[in-house]
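Report on the following structure.
Here the chain labels run A, B, C and D in written order, and each chain numbers its own residues starting at 1.
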């Protein structure tokens, strides 16, 4: 956990509206656990005021430019352009100065090796699942169910396949893979592998549907949530979600940035509107 | 090398506020720095003039429904709802951590009745390591139809007087900017026994999601903070400095040394940095370095010579 | 094509404020659009819902010493000092120009005593082409120690009542945000006979040049405007809409259609654009186009269906 | 007078801290008169909020890229990096979108052709004098006295020479040309050419010194002033200076943006502190 000024190594559009950014990030290979995130800031730019949270997609080493130098570490984030901050980000280039605060938050618990693992990713939500898959493929059978509205929302599937993950794509408009919701695929897979544990990240309606399915079947589920964040370190208390047992009289709020962003399903309160109102697209 | 040149190489940064000697005038604003611990990995707490904690109430408070925050142009709205662990849990679980550091700890607190204010102050009174109390009077007075203490000079006077009786710690009263004449509340707090005043707390604001037609905060209304509010804060601090004898701590939109200097020049003895911590967890260290550099560049041997140096 | 689809191709933008039918809800804020003429090369005045002129006083006013303006984070401070040619010169020299256009002209005015307010209103009362008066009550009352009319509900009530007696034109009263409870002044203005309220005027602010240790404005204190203040303005408009029956015009930090929409959704019948004109002389046209596009996208046939549509 | 969105053609550092920016500006060759200015804004950048005023250094035509197309018009501005806005400007490149409002303000009155003309430029203040020189050299003898703190502040002198202007450089530290203040050179020249008329632009202390000299000798003087501006079109009344005969009791304010920025010396009030407080370096 630290904050440092660094630079962008590359920033490419990988699908319409989706970008992949590589950032020089010393120390991250050792530090970063699957499911963690960074608070990202463009250096020397006043707006937007607050940092933006992004899941760590991948951490790695650049080929060393010279025998005697240690190889450089980087992380990658994958982001969708949705508002003022990500609009500024899409215009950044190699060498542009940025700041990273992280790695932050709890990570996924990869569980026991023998189990079957099912990852469910909705659109940009699949970003934090890659490092998890990387970690699990060695010892477990990992399947990725990737859903999106249309073909443009299906990203980085090849990367998962290269890891040896079995991938299943579905789109709501049928423009790629199977037509329909990713949750339908999930039900089929759980019928087949009833002991699998599930790891999900994506838009709230998807997460809620996944939770319902897993609850009915008693399937172990971990979800990665998004919440509006100011600090990312547990200081502002802006990012809370309702925890298990939360009521108006006895409220139980958990910080998404420190207790999350990954939660075991049973830690959370799944009543309607329990989750921080990110659906509204944040504030502008 | 003569004496004055030597001074300027290392300008004196210590200030005195409410009888506390602070090694420099820079400290966090309550609610933006958690209990200190959250930011310890990013900034050396020993560097700071003081640590100011999240606001404490008698009983734990769960806070408001979500969404609680929202970015605005050069600012943010928050309606955290004063979520906190409660004063007893704070004393038990959070003070030990802070006592590892040499930095004075200022505990921010609030209540929903004047008795509750008094009770929280009393519980903090004999806690070792608590250097001073900061009383947040921007809270609704449940016994008086929810009118904010700080907008009602009589209620503010009564609450501060009561707190004054129940604590021997230095007492800083934190004023709300949402008033017609801040000099009136400032004097009420001073007359009631405040050792210092701090301001500003957030300005009341609101934002609307035009797509959903809903307020962006579950609480509809929230507090505006950040660089956007600085000119209002500087004006209010200027007015309060002229109205009272006790020292004033300036707060509001400070993110650079330049910003802190505006407050010091109009007469604030110290400053608190709030929202800027979220943007840059190292902001206070940068501000401090900038203040020292400014003093050196301008030949100011002691930062106290700068305080109140406004030329009208 | 059925009727509702047809409507949405060309959403109805007309609104009614203080008995005036405006072709759309977008107009400039007083003091940011001169006498209209200054911006005519850049924007078609016939496009606007109304033109609001610089504030007029009984006698010409020279205004404050310089510097009068200063940029702040996402905003600006001004202390122009209400410089204007005086109401008689305005009627003689400026009205003819504005009457070329079909757009209603709203004349902003002020006084330093209630009698002066009354006298200016009376002189404008029978001037053809003046569609309505906007009474700026953010001015010091020289007979009462310089207390701002708009911060003193009784003085506001008395001044508005007097003006009401001396004019038959629709009367809009423009409120100051620098008060503890804006609902009180809003009701005072309504009770005294205002046909509509407009808000907010600028927030009082200050900035300091840290090198010279002087205020950045010759007047020390000035009015803060621009995007920075929008959340405060939206909150105040929301509160006033709930407190009064008369229509409300929203002002404060509007530079995009999105911004204007926030005010309309909380219940403003129209909006005024101020500082944004300086940044982009075509801002109001862009905002108007954006409002129409929003209505089309959201299937809103008449902008009035959007006004006050806030969901709490 | 209009506002339009356009692009930058080039932006080069010409001396440490001084930049020369060429902007596509259709119509400016016909419209722009010597001494006028533009209000400049970087498109799609929120800060700084207000536009920045810059004198028009030069207007011209680009070589036509193709026989059948009319040649493209441009203007050039020369600016010194002093604060937040000019810092952003120095980072702009060819193709970056900007907005220009202008040409604005009164221009210089070039006077009668037979007269000798002396231009006095202090640092960046010489920017609006180039177009004036261009206009006058055909019929008059034009001399430029160029002053600055040090050699870095002496800019574009060669351009003036190419027009046929006789140039005299002085610097306070003697690092280029004569050592001393430009006003000393002015006095010498006026001794020699007592009927010359003077056109001055530069920092206020220089302008004031020039005014004193010209007043004593009855020399005709026009000055171009800087003032803090919000609108540039006479609407905000933020940019006023004190006019001739101004007193506390009978104040006479003139808008720098519309009545100026060029004033005949006799139009202004030259009492101490009569001029808009730009000396303080503006606001940040």
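The rule we apply is simple: contacts are C-beta pairs under 8 Å (C-beta built on N, C-alpha and C of every residue); 3 or more make two chains touch, one makes a residue touch a chain.
Small disclaimer: the values here were computed from a predicted structure and weren't measured.
Any chain that touches chain B and also touches chain D is listed here: A, C. Interface comparison, A-B versus A-D: the pair with the greater number of contacting C-beta pairs is A-B. Mean C-alpha position of chain B lies 34 Å from that of chain C. Chain geometry summary: the mean Cα position of chain A and that of chain C are 46 Å apart.
For the pair chain A and chain D, the distance between C-alpha centroids works out to 54 Å. Counting partner chains per residue, chain C shows two or more touched chains at residues 72-75, 77, 207, 211-212, 214, 227, 258. Residues of chain A found to touch two or more other chains are 46-47, 284.
Contact residues of chain B toward chain C in the complex are 72-75, 77, 151, 178-181, 203-208, 210-215, 220-221, 224, 227-232, 234-235, 238, 253, 258, 261-262, 265-266, 294, 298, 309-312. Here chain D touches chain A in the complex through residues 46-47, going by the rule given at the top. In the complex of the two chains, the chain B residues touching chain A come out as 31-34, 38-39, 41-42, 54, 62-63, 66-78, 80, 83, 207, 209, 211-212, 214, 216, 218, 226-227, 275, 277-282.
Those residues of chain D that touch chain C in the shared complex are 1-3, 41, 46-51, 99, 101, 227-242, 250-253, 275-278, 280-284.
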